[in-house]
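As written, the chains take the letters A, B, C, D, E and F, and residue 1 is the first residue of each chain.
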Amino acid sequence: MSAHAAILPILIPFAAALLQLAGGGLSFQRRIGLAAALLGIIAAAWLVQLADGGAMLVYALGGWTAPFGIVLAVDRLAAAMSLLTALLAGAALLYATAGFDNRGRHFHPLFQLQIMGIQGAFLTGDLFNLFVFFEVMLLASYALLAHGGGLARTRAGLAYVVLNLAGSALFLIALGLLYGTLGTLNLADVALRLQTLEHNIALARLAGALLIAVFTLKAALLPLSFWLPHAYAAAGAPVAALFVIMTKVGIVAILRVQAVAFAPAAAMADLLAGWLVPLALATVLFAALGALAATRLRYFAAWLVLASAGTLLVAPAHAQADITAAALYYLFQSTFIGAAFFLLAELIAERRGNVADAIKPGPAFHAPWLALGFFLAAISAAGLPPFSGFLGKLMLLSVLREAVAGPAIWAVLLTAGFLIMAALARAGSRLFWRRKPDMLPPVTPAIAWQRSAAVLLLVAAGPLLALFARPVADYASRAAAQLHAPGAYINGVLGTDKHSITRETRP
Amino acid sequence: MEAVVAIAIGMLTACGVFLLLRARTFPVVLGLTLLSYGVNLFLFASGRLRLDAPPLIQAGAAYTDPLPQALVLTAIVIGFGMTAYLLMLALRALAESGDDHVDGRMKP
Amino acid sequence: MMRRILPRPALSAAIFLLWAALANAASPGMLLLGALLALALPFVTRPFWPDAPRLARPGTALRLAARVAVDIVVANWAVARRVAGPLARLEPAFVEVPLDLRDPFVATILASIVSLTPGTVSIDVDQERWVLSLHALDAPDPGALIREIKQRYEVPLKEIFAC
Amino acid sequence: MLTLAIEIGFALIGLAMALNLWRLVRGPDATDRVLALDTLTINAIALLVLFGIRAASSAYFEAALILAAMGFVGTMALCKYLLRGDLIE
Amino acid sequence: MSETSLLPLIVASAFIGCLIPALLARFGRGMGALGAAGVMAGCLALLAPLIPAVLAGEALVTAYAWLPGYGLDLAFRLDGLGLLFCLLILGIGLLVVLYAYYYLPGGHVRLPHPNPLPHPQGVSPPGLAAKPLNPARQAGEGANESLREISNHGDRLGRFYTLLLLFMAAMLGVVLSENLLLLVVFWEVTSISSFLLIAYKREQRESRIAARMALAVTGGGGLALLAGVLLLGHIAGSYELSVVLAEGERIREHSLYAPMLILILLGAFTKSAQFPFHFWLPNAMAAPTPVSAYLHSATMVKAGVFLLARLHPALAGSGLWFWLVSGVGAVTLVYAAYTAFHRYDLKGLLAYSTISHLGLITLLFGLDTPLSVVAGVFHIINHAIFKASLFMAAGIVDHECGTRDMRRVNGLFKFMPITATLAIVAAASMAGVPLLNGFLSKEMFFTETVGHPVFEEMRWLLPLFATLAGMLAVAYSSRFIHDVFFNGDPIDLPRQPHEPPRWMRAPVEVLVVLCLLVGIFPQWSVAPLLGAAAGAALQAPLPAFELAVWHGFNLPFVMSLVALAGGITLYALRKPLFALHDRLPSVHAHIAFERFYEGLTSLAHSIVNWLDNSSLQRYLALFIVFVLSLGGWAWLSGPPAVAAAAYQPADAAAFAALATLIVGALGATLLHRQRLTAIVFASVVGLVVALAFVRFSAPDLALTQLAVEVVTIVLLLLALHYLPQTTPAEDSGPRLARDAALAVGAGAGLGAASFAMMTSPFETISGFYLAQSLPGGGGANAVNVILVDFRGFDTLGEITVLAMVGLAAHALLDRLALTAPGRDSDGRPWARERHPLFLSMLMRPLLPLALAVSVFILLRGHNLPGGGFVAGLVTGVALVLQYLASGIDFAQPRLPRHKAKLLALGLLLAGGTGAASWLFGRPFLTSAHGHAALPLIGEIELASAMVFDLGVYVVVVTVVLMVLAQLGRLSRHGFPEKCGEAA
Amino acid sequence: MSIVTEFTVSALILLGAVFALLGSVGLARLPDFFTRLHGPTKATTLGVGAMVLASALYFSATQPGFSLHEITVMVFLFITAPVTAHLLAKAALHRRGAKRREELK
């Protein structure tokens, strides 16, 4: 069975979606969904364990080996992202089963297919297959974004959809160019070909740049980041929570493409140099300003997601194992905390009547556990000790100390951290402390156990990832080391007789 | 022939991009349609142009590159799905805001 | 019994012929498959054609088909000449043909034939008055046209479908 | 002989399609444009058939068949739109 | 268990102990206090066994790995300095717990309540019921609220102790850290917990602002400290103090020394409220007095000077250190003393005096002589003791009088003689009166100012300055004594003051006794601790010094006398001085901070809104600009392409097709405002593209393109029915020009790239597919075999996308109501006939025929152009025609109802064949194919991939139907007006 | 392929092309929509029909077995051409009639 482990994180949600489509009422769909989420977590955890053996897990779909067939190529990074997705999805789904899933049609199958898309994007080793899973992921996200209805969602959805459709077109152009110059679509093979490319270098560079442009759109790099706050803030809380992983899909794609294919090739090595770090830093500052200016908590959460995306985008340009390792830890923790924020925002909003999540004085409400959860999440999000947010920042600052742009990166990350801390203090103070005595809080039922459990799981990630920082960071280091040793990746995917792949010259 | 196809691709892209930048949902959809024609042609062209050599295996025949064709097929179908979705979303925006502006703004 | 297996024999035949043509009558296997489809598809699609008329005179139908085929070529020649010739001499007209038949499907077939053949295009079948409206490219004598259509096509059609 | 006939055929069909295009641009009414589009489609079928004969390949046939079918449906949809606005009611 | 492992245990039990008061508080106020005290006592007990070794000069170090890869370890260190602080933290902490038990409201409630009227004792306030509210809700809510209020109070005291303990734990962590990064961790936790403590009275705006201000300053300083520590660790090669403290030489010579020092000092100065970062501290007095006594005198603000002492061996010894530290300390010392003198608020006076004393300590560390360090450490002790007692005394005054305004509070000696005596003694210590502890360290300071090596030229300057500072200290101390306890009678006090409860005064008594003990018997009481602490701070043998009350009649003693006399004179002249001061403009830090914050926020707001105007058009334009720039740079910076391949000659047909395509594309673009016309033109483009696919040997693509296009047109028309028929002319000229430029750029770019690509040779793997199509995939149509076999996984994903479009149709359009226009764009009413007879009649026989065609296309796809997609679309289109011809009422009931199930079936057929290969131990989607010989029929080729294709077929048909059904239903919800010309 | 076949095929091709062209000439040249409708409806349909027939003949002659599938295209065109014309005419009539009625109001 372990031979098939690599594909389970993709097939489990797919099968669950089929069952959910095939019949049963909402409660049946919930049961299936939660069971699939649990199975998905188990499968992904198993995958992490298998991948941590150090050897690539290569799964040749249809028995067709790379580069001819599509292969799933699972290394430590892919496995970790798979587990992260499964965990996040589990929490978001648990939250959604408390009633959000009933606010529109087909929530459950769409949710499972969204998981399938994200998992596929992380696990596949083929660039066109990556495109397909991007589309699976995106269409599901379009539909989930609209779930629950309302003009705000439609409005944000339009911008999100159109922009991503333009991105998909660009993705195809990039893939066309890549195939048209290298004659292959498998990432390992692309990497291999790039290393020995003699002519068509300019076109290959163009292809690489366009590919990166696509990924930066998903990762919300600054001039392409405006969609994110609107879309994430408009989405329903559990949907937004799941969306947090989607910027990471772009970031991990950049990391992987850069580490495996571009950095080792002389013609491509400078593709991210010079522009990515400044834009990433601008993104961080922009997000920090956005957080400062945010008037609603869910927007605030979205800005936090953007800030963490910008922070992470500092890493790929360096193509350095230690920086990647630190970035991975940061990625893990910022995903959970970002997601927690969206859920908390909704729970808080429900308790504040018409004021909802607006960051202004509202009715007094008594929810000490909610306040505590918000406080813990806020500490993590602001990068304050002792939780994972601080450790992530510490690790990044520490490894970026000697980077070329080190002082600038430090200055921006610290300044942004300061602004976010100030903004969070203000938001928390207004939401929880500043009360309008003449407003009575709405009568809200106790928080359903599914919702509390989901929030607890996500918020607990901050302390837990701090407590177990060493194993997580060590795993991240191993993953980064593996990522930045592309030879092993190429050998793993293509086998040792990779130079005997039959190629023919066309036209 | 390459130049002809390149001009066609450029033309479709330019028209698609121009329409994509309009302020109403309908031209945007139309622009995406044109753009995806251009993109599909481009993706197809990555296997180079070949006349009268369809990839249908017969003895002793010459074939064009089948892989980009398969990719374009996938791209066409996905593009169709996306267009359908966008149109439905545009209708929903129309129903909710009373206007067909891409920013979903309410009809004044 | 026969009716139950072959609710629409003509349709089944058409399907089989279509299949055979598509497959270039290639292999026995394909023809068998065509036969299966000829049996199955009318069943599957029966709800979509609940009130199909019965083909009473297949022979007459074939004869009519042959006549129409010839008429098409002749009509086209006429149209082609007029199109290429001087336009001033054309006398286009809207014409109404009162119908004797009362079946909508058969009326449709008549309208189709009329569109394909003598320099006319059907525009409307009025099911209240049972009148077929036409546009003629060049109709110096509308009365003759009406007579010709009724004689040449409507009468055989009424026979064929026994209506 | 056949080659020549095919070449002449191409030229005539090409001319026909140019005329269709002219009508398409010219209009004046939507019905004229739809009719021009429909005719263009049918002429394209002829073009495909000619290509098939020239290449001695039957691989063009399916395209011709589908083109005929799809051209028809497209025209129907446009007509229905012009008549009722609502295609499906 | 070894002794050193007690260190982490102390910190851990402090952190875990935080929870105890919160848990115990529900059993009563006393239990909470008891719990807190218990935790502190427990920590002290754990500390006790270590004291002898530390006093003997040992440094106990222990370490556990936390994040070793990044130098962050749970490494603890207990040396003299740490011990001193531990004792201060725990000792004063215990006193504060006791004090707070009496100070914080219990029997009488002073806490404002969310409701406008405070209503003690769980009685529903009458004012609430008078409000015009929903009465039903009111009844339940009112009672509920008051219950909640009671429990709130219990909770709040529990919470108070919890936060206090949290703060204490963090403080212990700071002073016990061996690892500098760990120190930063605890450092920031003190900022966070003090934020919560300052905001304890969260209903008051001043409290909230003060808390945020404190967090901004100290937390921000913490970020600087983090940066500095990271640099320091980099320079020293380790974050362990044992290493860092021994590397002073190398550190000072490193090129990063200056930035590192500045960053670390930023951390220290902000925490210790040094000028110009001092402003948060007076505002933090919004906190309850126990908090002020603990945080703002004894502990947290001392963290900054602790850090100066801690890192002294590593950082000090440079000119930069001297000038920065002593300069900032000196300015703070005098400025704050001056300000303290002019305060009316009792706590304000104490706050500024605290700042001043912190300045003094900073100055001492800055002077950077061994003895000045000793003096600095000594003053830390002394200040903690007398200032804590003074804060508590001030709290008692506040508690008893209901105000701390010194203009109203007068002559309290009559009302509370014991408390007054205690406060007077403590204040005298603050003033530096002999026989009290404050005198000793101040005299050491004076001694150090005399003959400091740096000021060789102007040896009088430093002593003069010190004397001036001493005078100011005496002046405000005098004011504290005279203005509160004497100076006539109290004016209009809210309460009648008297002595506080016995045990509330006890902490003050203890501290004042300590003042005296240290002041009179320094050698006996404090010398061992001071020696150990100073030794740890210096990391060098202690200088010779003598702790004695009397050092003879020397210059420092003269300076003390001058300061005393001058200070009292100053106080005597207070009235003109105050009048002068009142004329100076005053700055209220919390207002300024809030203004600054609001300004920053609105600046952020305008920047964000300026960049992001919520316009999709801008997003897209930026995206295109970004792509063009990045792509252009990447391409042009590479070596120029070498076009090597022979071109395919273009024939007349190609040019004609190009011309047609351009007409179609330009027509659609230029006429896009007439939407229907644009659709017609766009269809021309689709037609040409399909023809091009045929021409370039891609029949499958042509089929798919044609089928997709017609469905797309149907969808566009369906949508256009509801959308406006024309696009308004709303784009400005510059906008159009910009978009045209972007369009031309994109078109030219992609066109050029495609030309370069097509004309250059490349090596491809695609020969494999052609070679393996028949033997490996069992099909002659290589494209189809790729789709269903070699790359079947893509196809699975693709039909998943399609399936979701179907689901989204339900999800998006369900219950959506759209009003269809009753007339077309030219204002005509629609035709009356809903379903043209001709069409509906003809479509009936056509359906089975079309189905036969689609089955044919499906079956042959594996070998010839066709396959599941095209077949599915043909079937879909045939069914679309049924909708078109006969309407939804006719078609819908005749089609399968459970479309979601059909989708599942299709996906299952495709995915299930994939999973079936598992049964044979093969990977997902492994296909099988073979020849079956059937009687009569002969040999036919079967491939499992055909089942996969069938799944594709089912999904495509279903999705087309789902989308159409939903779009077709829209008008149902619209107005009934739409019924043709009759209307 | 025999000369006779080749001639027949060539003739059918030319005939078809001429008819198709004439249909399109009509579409371009005739003065109003209803007269324009006739050309494509008949001439073009027949022209394409002739070409399809040529193809059937050609492939039947040059390749093993009959080539009948082209016939399906022809039959389809002949079935659909009247429907197209009918509905277009209906649409045109409606657009004029409705406009005229509007003007009268």
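The criterion applied here is as follows: a contact is a pair of C-beta atoms (placed from the backbone, for glycine too) under 8 Å apart; a residue touches a chain by one contact, two chains touch by 3 or more.
Predicted model only: the values in this text are computed from it and were never measured.
Here the chain-to-chain distance from chain A to chain C, counted in touching steps, is 2. Here the chain-to-chain distance from chain B to chain D, counted in touching steps, is 1. The chain pair E-F and the chain pair C-E differ in C-beta contact count, and the higher one is C-E.
Greatest centre-to-centre distance from chain F is found for E, with centres as Cα means. Ranked by how close its mean Cα position lies to the mean of all protein Cα atoms, the top chain is A. Centre-to-centre spacing of chain C and chain F amounts to 16 Å, using the average Cα coordinate of each chain.
Between chain A and chain D, the centres computed from C-alpha atoms are 48 Å apart. Chain centres here are Cα averages; for chain B and chain F they lie 30 Å apart. Our note on geometry: chain D versus chain F, Cα centroid distance of 9 Å, whole angstroms. Shown for chain A are the residues that touch two or more other chains, namely 128, 132, 135, 139, 142-143, 146, 158-159, 162, 166, 173, 176-177, 179-180, 506-507. Residue positions of chain E with contacts to 2 or more other chains are 614, 616, 620, 624, 645, 679, 695, 699, 718, 720, 750, 753, 757-758, 762, 764-766, 769, 790-791, 794, 798, 801, 804-805, 808, 812, 831, 833, 836, 838-839, 842, 853, 864-865, 967.
Of all residues in chain F, those that touch two or more other chains are 18, 23, 25, 37, 39, 45, 67, 69, 72, 79, 82-83, 86-87, 90-91, 94-95. Pairwise, the chains that touch each other are A-B, A-E, B-D, B-E, C-E, C-F, D-E, D-F, E-F.
Listing the residues of chain B that touch chain D in their complex gives 52, 54, 56.
Chain F meets chain E in the complex at residues 72, 79, 82-83, 86-87, 90-91, 94-95, 98-99, 101-102.
Residues 1-2, 4-6, 8-9, 12-13, 15-17, 19-20, 22-23, 29-32, 34-36, 38-39, 42-43, 45-46, 49-50, 52-53, 56, 58, 61, 64-65, 68-69, 72, 75-76, 79-80, 82-83 of chain D touch chain F in their complex. Looking at the complex, you find that chain F touches chain D at residues 6-7, 9-11, 13-14, 16-18, 20-21, 23-25, 27-28, 33, 36-37, 39-40, 44-45, 47-48, 51-52, 54-55, 58-59, 62-63, 67, 69-70, 72-73, 76-77, 80, 83-84, 87-88, 90-92, 94-95. Interface residues of chain C, counted against chain E in their complex, comprise 11, 14-15, 18-19, 22-23, 27-29, 32-34, 37, 41-42, 44-45, 47-49, 52, 104-105, 107-108, 111-112, 122, 125, 127.
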